[in-house]
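Paired with chain B in one complex and with chain C in the other, chain A is shared by the two complexes that follow.
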Partner chain A sequence: MSAAYILAKDHLKSFVRKISKGSRLIAPVTNEYGDTLYSEINCLDSTQIDTQHQPQSSIKHFFLPQQESILSYSVSQAGEYHFSNILIGVPTVFFGVRSCDLAGLLYMDVIFSNPAKDPYYFKKRENSIIISLGCNEPFENCFCNATKSGPFLDFGFDLRFTDLGDRFLVEPGRKRGMEILEEFAYFFNDASEQDLKDQYQLQLESRSSFQQNVHVDLAIKKLANEEVGKDVWQDLADRCQDCGGCAYVCPTCTCFTITDQPVSESEGERVRSWDACTFAGFTRMVGGHNPVSSEHSLRRRFLHKLKYDVSLHNRTSCTGCGRCVGICFGGVDIIKFISAVCES
Partner chain B sequence: MENKLQFVDLATSHGKKNSHPGIEHFEYSYKAEITNLYPLTKTEKLYQIQIVDPRERKDFTFQPGQFVMLELPGIGEAPFSISSSPIRHGDLELCIRRVGKMTNFLDRVKRGTKVGISGPFGTHFPVEEMVDNDILLIAGGLGIVPLRSPIMSVLENRSRYGRVDIIYGAREPLELLFTYQYGMWKQFDINLDIIVDKADDKWTGPVGLITEILQKRIDNGTPNDFRKKTNAIVCGPPVMFKFVCEMLIKAGLPMEKMFVSLERRMHCGRGKCCRCNIGSTYTCIEGPVFDYWSVLNLKEAI
Partner chain C sequence: MAGLATTFGSGAMTNSISEIEQADVIIVSGSNTTEAHPQIARRIIDAVDGSAGLIVIDPRKTDISKFASVHLQIRPGTDIPLLNCIMRIILDENLVDDVFIEMRTENYVVLRDMLYRLDLDETAAETGVSLEKIRRAAKLFGRAHKGVFCYCLGITQHICGTDNVRSIANLAMLTGNVEKQDTGVDPLRGQNNVQGACDMGALPNVFPGYQGVADPTAREKFSRAWKSELSDKPGLTLLDMTHKSRENGLHAMFIMGENPMLSDPVQDKVKETFDSLEFLAVADIFLTETARCAHVVFPAASFAEKSGTFTNSERRVQHVRQAIEPIGDSRTDSEIITDLSAGMGYAMAYDNPAEIMEEIAMLTPLYGGMHHDRLNENWGLQWPCPDRNHPGTPYLHKHSFTRGKGLFQPASHQEPGEPPDEQYPFKLMTGRVYHHYHTGAMTRASHLLSRECPRALLEINPEDADRLGVRDGEYVTLSTRRGNITICTKITDRVQPGMLYTSFHFHEAPVNKLTIGSVDPTAKCPEYKICAARLERIQS
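What follows is the complex of A and B.
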């Protein structure tokens, strides 16, 4: 990073208002029930951006919505049909994106660009500005230090904010971030040597305060060379309730299903919606044959993250956000799995 | 290990419209029409499907073993193996069993129904590389459907191949597919052996398992031929793969000369929906045709 700037905390709102003019603003907000979620902010005066808590869901659903119409079709009386693509990409500014979610987004970029570019995803992706926020304090279940996707991810963002107490350190990432800094230069001062030192100190402290000790690298190495014991799988499979919650909160779970939903006799929409490999019918074929048995569906999920993606993309697709650990009521979490692999 | 995210550089495409020229072709499907359909058995029908635009029809090329996605607006989209000859281009034949929601609908449609075809997808049987060799085509049940494309391809270039055997097993005589073509296949100097599990009154052929016929074929051949100049293409239920391929290995056939076609549920055909992957291998992209060596290296493949 060649340059760094300082934004006074008092100026945050006006800066965010400026850059999100004419576009949608998404930032973490804690609602009246106490849940922190990435939400659309319509009025910055009455809404407080929450930079203290980890959002409960990732930003995945803004790019791959839970249900999304991808094209509409119409069939004429003569049986002739016509398709038209529904490409929606509202210009959006994402503020306060955590490193794990950013890493998840970068992973989705890879998935949706190979081997064919997915227009529905990229329409949204290209209309987005990502402003990430480094995590000064890891949350309860975080282990992004072990997956090398945080707590301060060094690339992939347009702008990166670091909370230095009374001010933000702002660093540009991609070209668009540089352009923003130039356009709104009047908000910023150059960062001093001391500011950079403060940031470095914060990063060190953050890295050393993780509550979870997860040996992802060791697990990856072991998984690449050894079989996991049957009892490990059985133990996990016994407790999995097939709810799919882990896949839904996961920033990198992109499995989907495609269905045609008729609106009338002659018209309808093709809908893409989330699916999860832990669901019993995920791989079941029409004749009833299922090549993956139920205890193996969990194996698919964990090995996909820790083994298959390592061999395909040279990197695990677990970003260490820890959300699946918090959401699973059966205690089937990736941390336990990794520990079990390491111990075996 | 370099444990770093690769990422797609979006910086250059920011703010530009239509930066991907192929964007509108991602979901592109050819408009096609069911020109003819006729029942082959109680549950299977053969659909002749023609791409409407003559130019697109001519430009549509595929290899034996590949599959297409057939879509019916409002009903759905599903993958089907092509069972016609590649020289017919976009004049496809698909053999479809009535079994699920979409195929039950297909069972009721009439001539002239408009459908969509996208593809072709996947890998193919390398029939070009089998030139000058003997070919063993082994099918069980519906496995004859994806096998018919390489059969036709071999028939059309008959002089370029050595001995050609088709071994086909079905549950009962009434379930045999493409019965009207057996005479033609035989006339083209192809050894056709058919065996059924359960005979009926009219059946005069052998009764038993497909492996019995295969054993006879193996006993008739010389080990040298199997080792050096024989290729096998095997399609059928997963349990059949195992037995047949084991026998072929014992007969001396190299594993990389045995090809199988795997079945998986698929929704996108583009390696994204994660349904058809076996380990890190996506069947819709790196399959459905694999050589047996690769299959054995894929856990849970069969």
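What follows is the complex of A and C.
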């Protein structure tokens, strides 16, 4: 068993300050409009890290920005093209990453490694330190217990924090985490037997307090065996409003498109921006024909999460964060879908 | 707006949007809700999931009609006969709310007598919907405890738009579906702030808050506040300006955030007007087709670059706050107006938008308690909100109509301004698509939205397409008595035979080159929804 340490809550701020020296710090912050977002913190003294609410968006966009210039080009007077890669990766500490978002990041690691490593993604990824935070109380639409990605994901983090009330239990994960613990050892005390028991009790309580009862395993089985009625798909297609919100908030939706955008007569940029497989334009051909109907594009999104990825990677690419449940106004979010599959 | 203002005394959505979810039966008429008001469609679908009945009245098979218990696919422009049929059946079935009619309304006898004179079979035949289907809808709505009627431009953009609205109001009053929570009549407003624009007096005959220019007390109040003599004559309506500037002695125009070159009917006439003006100034965030006609263009700031308020469909005044500094030379609308005004010798010195809001609150009873500091909580306030302590008004006409008693105003069928004939055999309707907003000035600049919907599509029924030998995706010439455009076809049974449908977002296929200049005589709203058209294949 790996070691565990205790950090007094009073020392959280100074610890975070130390480890983010020379780095960008990203942590959940609730803004004046009441929205909790993973935000860049420039001044720790005037900003409160929010460990109580679920951030409304995942950390996806820090690694795969909604719009990102990946290459610039210029044409010389002689008509010669010059290209230069734009690789950006600022050293960044992510604090308070929820299990679902961490699971999403681990999934993106897989996606952006195959067939070759995506340099734009990994430049950012390799410059990041991930400090996760276990969820003592699942939020309204969470079902990470059913996707086996939370509420306390046991791997993938550099450090994992568990909120034990007046103190944090801190566990190292990857090598960088251990190094941080060694470098800043003076912040920590060894965790006692009781601390570990408290953590165990918290985890048990958290697992039993999910408000959503989602039968992911059953749905996976039925989808694998193609036991899903046609009416399920048709009903989804009728309700989907084609807004793409589900894909945008999803921690594992990574479809993108590439456009070349001229900046001036002789210069321009290649931009990578988010796309979604539910959009008609994702598959429509130049002549106007679309080989994939709206019913099928929606079908593909759900099958990708719950069938194809299961056969490829042995796990769903839904991390149970429940964000699409909150954002979907057609009522075709993944929980409704899974329920419909189970009932069909 | 005129329709509701004369029946109820107030021309706005009577409900809050969230109340729609609580209704037993919802009628949606002339509204492509999932595409034009997706957030309202969501409430309607939720209500249907919770076992509410849904009646959709639309000539087209819209997406929302898939959720309907009854879809009344009427012939375009036959809303009044349909509503009269429904009311007559409700009367015959004794589903009228006698107590409500007695206590809360007036002029009922006139409506009743008109309905009794109606020949049901004949009237139903006019609509093209079977009487049996209408009967089902009528009974469903008549028996509802909480009935909501949502309508949109498919009702108002007709030559009989005001009478259409009055008929809807008649039905709501007949069944007692106003003045109570979760019941009401809801015109769905299109733009984020079209309600606010009306509230602020962007109408020919009123000052802010619907205080008539003809009312000496109101005029006196505004004259004192603005320290200048104000006219008691109503201004010009839209088409009186963009079609008939010369007749009306108009020499100069200042257009803000509007693109009449694409959005007003009969484009050629609009162009002629703009060309003939001595001076045209346009303020917009992009160089629109209208801005290209202008002598002076003011680059305006976008929503993210300014602070102020927007008033949405449910009369909710919401505070928006500047997120970024204005880019380039762009300036906020209020800066443009106040500087222009100062340059013309009338100083308008406001430190910030909150100060303007204070003036609005002082002069406009509906907004009396709306101050910026109050709007930051709970997503703003719904008018009427007469004073600082007032919590706002979720639904209108509680216990009593604004005008006192609701006024029944019976109406009968009116032919469209230009019915189809041998030369122009199709009825052409216009509307919107999900991915684009109005004339596309903003949405067509978005790569993704443009990709989702790259071109205007003319919907045509397979029967008509077969007869004319038109293939799906073929470019055809669409013409009316006003002109012609080239447009791509989409063969679909969403439209009935004899009908054509397209949207007005695309400057390459400007359908408003074709639409007719006739207007509703009361509201002066153009008849965008029907004109006679002809379709021809392009000979290569």
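Convention: the second predicted complex is superposed on the first by the 342 of 344 C-alpha atoms of A that agree within 3 Å, B and C clash if a C-alpha of one lies under 4 Å from a C-alpha of the other, contacts with A are read in each partner's own complex, and residues count from 1 in each chain.
Everything below uses one rule, namely that a residue touches a chain if its C-beta (ideal position, glycine included) is under 8 Å from a C-beta of that chain, and two chains touch if they have at least 3 such contacts.
These numbers come from a predicted model, not from an experiment.
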When the two structures are laid over each other on chain A, do chain B and chain C clash or fit? fit
For A:D309, select first, second, both or neither according to whether it touches chain B, chain C, the two together, or no partner. first
Once chain A of both complexes is superposed, is A:F62 in touch with chain B (first), chain C (second), both, or neither? neither
Look at A:I258 in the shared chain and tell me whether it touches chain B only, chain C only, both, or neither; answer first, second, both or neither. first
Does chain B (first) or chain C (second) touch A:G330, or do both, or does neither? second
Under the stated touch criterion, which partner chain does A:F157 make contact with: chain B (first), chain C (second), both, or neither? neither
One more residue to check, A:S273. First (chain B), second (chain C), both or neither? second
Which partner, chain B or chain C, touches more chain A residues: B
Is A:T283 contacted by the first partner chain B, the second partner chain C, both or neither? first
So, does A:F168 touch the first partner chain B, the second partner chain C, both, or neither? neither
Once the two complexes are aligned on their shared chain, state how close chain B comes to chain C by Cα atoms, in whole Å. 12
After superposition on chain A, the chain A residues reached by both chain B and chain C are 259, 275, 284, 287
Inside the complex, what are the residues of chain B that reach chain A? 1-8, 10-15, 19-20, 22-24, 26-27, 29, 31, 73-78, 99-100, 103, 112-114, 116, 238, 263-265, 267-268, 270-280, 285, 300-301
Report the residues of chain C in contact with chain A in the complex, numbered from low to high. 34, 38-39, 41-42, 45-46, 49, 63, 66-67, 434, 447-448, 451-452, 454, 473, 488
Okay, in this complex, where on chain A does chain B touch? 70-71, 73, 75, 79-81, 83, 85, 103, 106-107, 109-119, 122, 125-126, 148-149, 155-156, 174-176, 217, 220, 254-260, 262, 268, 275, 277, 282-287, 289, 291-292, 296, 303-304, 307-316
Write out the stretch or stretches of chain A touching chain C in their complex. 238-239, 241-243, 259, 273, 275, 279-281, 284, 287-288, 329-331
